[in-house]
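Please see the structure below; I have some questions.
Chain naming follows the written order as A, B, C and D, and within any one chain the residues start at number 1.
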Amino acid sequence: MATMGKGRLEAFSDGVLAIVITIMVLELKVPHGADFEALRPLLPSFLSYVLSFIYVGIYWNNHHHMLHAAKRVSGRVLWANLILLFWLSLFPFATGWMGENHFEALPSAVYGFVLLMAAISYYLLQQSVIAADGPNSLLKQAIGSDWKGKASPFVYIVAMAVAFWAQWVAQVIYVAVALVWLVPDRRIERAIDSTES
Amino acid sequence: MATMGKGRLEAFSDGVLAIVITIMVLELKVPHGADFEALRPLLPSFLSYVLSFIYVGIYWNNHHHMLHAAKRVSGRVLWANLILLFWLSLFPFATGWMGENHFEALPSAVYGFVLLMAAISYYLLQQSVIAADGPNSLLKQAIGSDWKGKASPFVYIVAMAVAFWAQWVAQVIYVAVALVWLVPDRRIERAIDSTES
Amino acid sequence: MATMGKGRLEAFSDGVLAIVITIMVLELKVPHGADFEALRPLLPSFLSYVLSFIYVGIYWNNHHHMLHAAKRVSGRVLWANLILLFWLSLFPFATGWMGENHFEALPSAVYGFVLLMAAISYYLLQQSVIAADGPNSLLKQAIGSDWKGKASPFVYIVAMAVAFWAQWVAQVIYVAVALVWLVPDRRIERAIDSTES
Amino acid sequence: MATMGKGRLEAFSDGVLAIVITIMVLELKVPHGADFEALRPLLPSFLSYVLSFIYVGIYWNNHHHMLHAAKRVSGRVLWANLILLFWLSLFPFATGWMGENHFEALPSAVYGFVLLMAAISYYLLQQSVIAADGPNSLLKQAIGSDWKGKASPFVYIVAMAVAFWAQWVAQVIYVAVALVWLVPDRRIERAIDSTES
């Protein structure tokens, strides 16, 4: 299997993530009136935009750290990355639908489904990078037990089910998971640090 | 003929491909209702989005491999690349039209036409890169007989004709060609490997 | 704390800024008529587009200079940068709303609020970069007293208040602040120059 | 004056140009019908898209060559580049308006005006690069008399006037100028070649 530069993979991913994070704002339709009454209906859309911005920011941040620790990019890594980008590309749709419908049950569950698939794709990408790097993978040592990566999908599934019963609880779960992830992968930073020093 | 860096050609192509792959999702219009009934009409648009995402992913992947093997970028390569990007930029339109019309005959044939023109443009770009690299072109050795590149245009023409007779058969052909291409150009990977070792 | 390359931070920021500056133009809706009467209602939208283009251009320019002077990129810098990008991503919305409503009071004040939050975020990002670089930070020496960075937020607050009393005065203030900033951060250029020579 | 890397200037310009060239296609609204009758009204929009794609492609190509020959990037170059990007960012609007109104007089003249301002901006950017590089500017030697750059603005002015008298003649002029420019700046390629060999 050929070893390729990480440069273009990072550039393409950055491009897609930059566009995803920016076109989500297009779902914040400019209102026709010029008073507070015109702004108020946008509040749910704005809140769902903020939540999704944080999630895409977390993905970009951790993707940055993951590829920083990666040594080789195999064909399998390229495709695992595209699958992750596919699910992230559905964020604008899921965000817009959830915001426009004021966090109703089904849109909230669909939002959770997109989060779930993105989390699984991220996990598979991580495994591909580790496989491409071989037994001494820096990334493998760095992520350790990876409890956040392993627990998140199950939490999203719980949130999806909860959405049909108490829609706001699902939102609280999405926000809570985002807060847990907001701490960047210091494990990877530490592992790289100890290698470089 | 001047030798130029590949960097900006790759950066610009990555930019265009990242935008093409992402704005296609804007054709998935956020529905007004919040139940399954509101989602169902989006299914054809979603399926055509998935198909186009895979095709653009294949183009990005093979473009990545092709330029990795290229040594020189001539003026002719720059323009051949722009022609390829032009046809790829029509993917969002062709995808949206086909999806919104539930894979009817004409939109399916037009989609095939865009696939056909992109395939021909890719072939011409490949020839330009080989011509710029001269007699010992690594890319030329790498692609070998290039049966996939040579056969695809004819298969698209067949699919376009078939679309008017049995629209779903055309879709099956588009999916089948995508699956054949999903395997990345291992020939190029192998040729590069053997050079580097 | 790990030291990371600035490359991807710059690439991602450039991507977001390039998209923000370009999708603002989508708020200039193509009119249906083909005469001057059809163009005239677009004048306020065009003027607000020009103003925002200049502001985003200033941010890109100064961001370019800031990161040029930065040596280290910490996790805190990554997040401070994302917060800045969040507020800049609201420019298309704020610009479109202000333009479509002919610079009325509330949209003008909301525009000022987005400017205010972007300015505060930029200041916090600057502090993060200085903190990451340590006591001998080149950026710290370069920005000196940073009176423009410290004064701008207060001026935006004044403009927001003034907007409810005399909306055009607020616009004059926004334009004036932009003109003051149009001069790039020569202090940083000078400081880098003196280091390099 | 500080010497800065060209990298970010190229990256940001590539980003904006990639987005401009791609969002123009959004003016090709997906029609509701699925037959040839539904496609026919799109023909003028498609033709104006093709014309603008070629123009943006030419700008990207020549911008690529220009910065390849540049040695220094001054603050003045950064701003001249932003002004060029501003006018190029109006291409989607001008293209959409001209296409939707079937090349009527005023939209055709406005299209010519955007071409004119972009050409003047390009010329000013070129002068800024030459000034930043100093007396031995490679770019200065490379462009020689620059008759194409100097003549184009006047031709656009003629086309703008002609548009009110015979709208199709204006289109013929726009196409003709594009064809003249399609030949990349071989002068620059040659000058760089002779320096490098």
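Rule of thumb we're sticking to: a contact is a pair of C-beta atoms (placed from the backbone, for glycine too) under 8 Å apart; a residue touches a chain by one contact, two chains touch by 3 or more.
Just so we're clear, the structure is a prediction, and the values are computed from it rather than from any experiment.
Asker: Can you tell me which chain lies farthest from chain A, using the average of the Cα atoms as each chain's centre?
Answerer: So the chain farthest away from chain A turns out to be D.
Asker: Can you grab the rotation angle between chain B and chain D? Superpose on CA, round to the nearest 5°.
Answerer: Nearest-5 rotation angle for the superposition: 90 degrees.
Asker: Given that chain A and chain B are copies of one sequence and touch, is their interface built from the same residue numbers on both sides (over half shared) or different ones?
Answerer: Different: when the shared numbers are divided by all numbers used, the fraction is under half.
Asker: If you average the CA atoms of chain A and of chain B, how many Å lie between those two points?
Answerer: Between these chains, centre-to-centre, one finds 26 Å.
Asker: Averaged over CA atoms, how far is the centre of chain B from the centre of chain C? Could you give it in whole Å?
Answerer: Their C-alpha centroids are separated by 37 Å.
Asker: Multi-chain contacts in chain C: which residues touch at least two other chains?
Answerer: 11, 15, 18-19, 23, 26
Asker: If you look only at chain A, which of its residues touch chain C in the complex?
Answerer: Within the complex, chain A touches chain C at residues 10-11, 14-15, 17-19, 21-23, 25-26, 28, 30-36, 39, 50, 53, 57, 60-61, 64, 68, 182, 184, 186, 188-190, 192-193, 196.
Asker: Considering the complex alone, what residue numbers of chain D touch chain C?
Answerer: Within the complex, chain D contacts chain C at residues 1-5, 8, 11-12, 15-16, 18-20, 23, 26-27, 75, 78-79, 82, 85-86, 89-90, 92-93, 96-97, 100-101, 104-107, 110.
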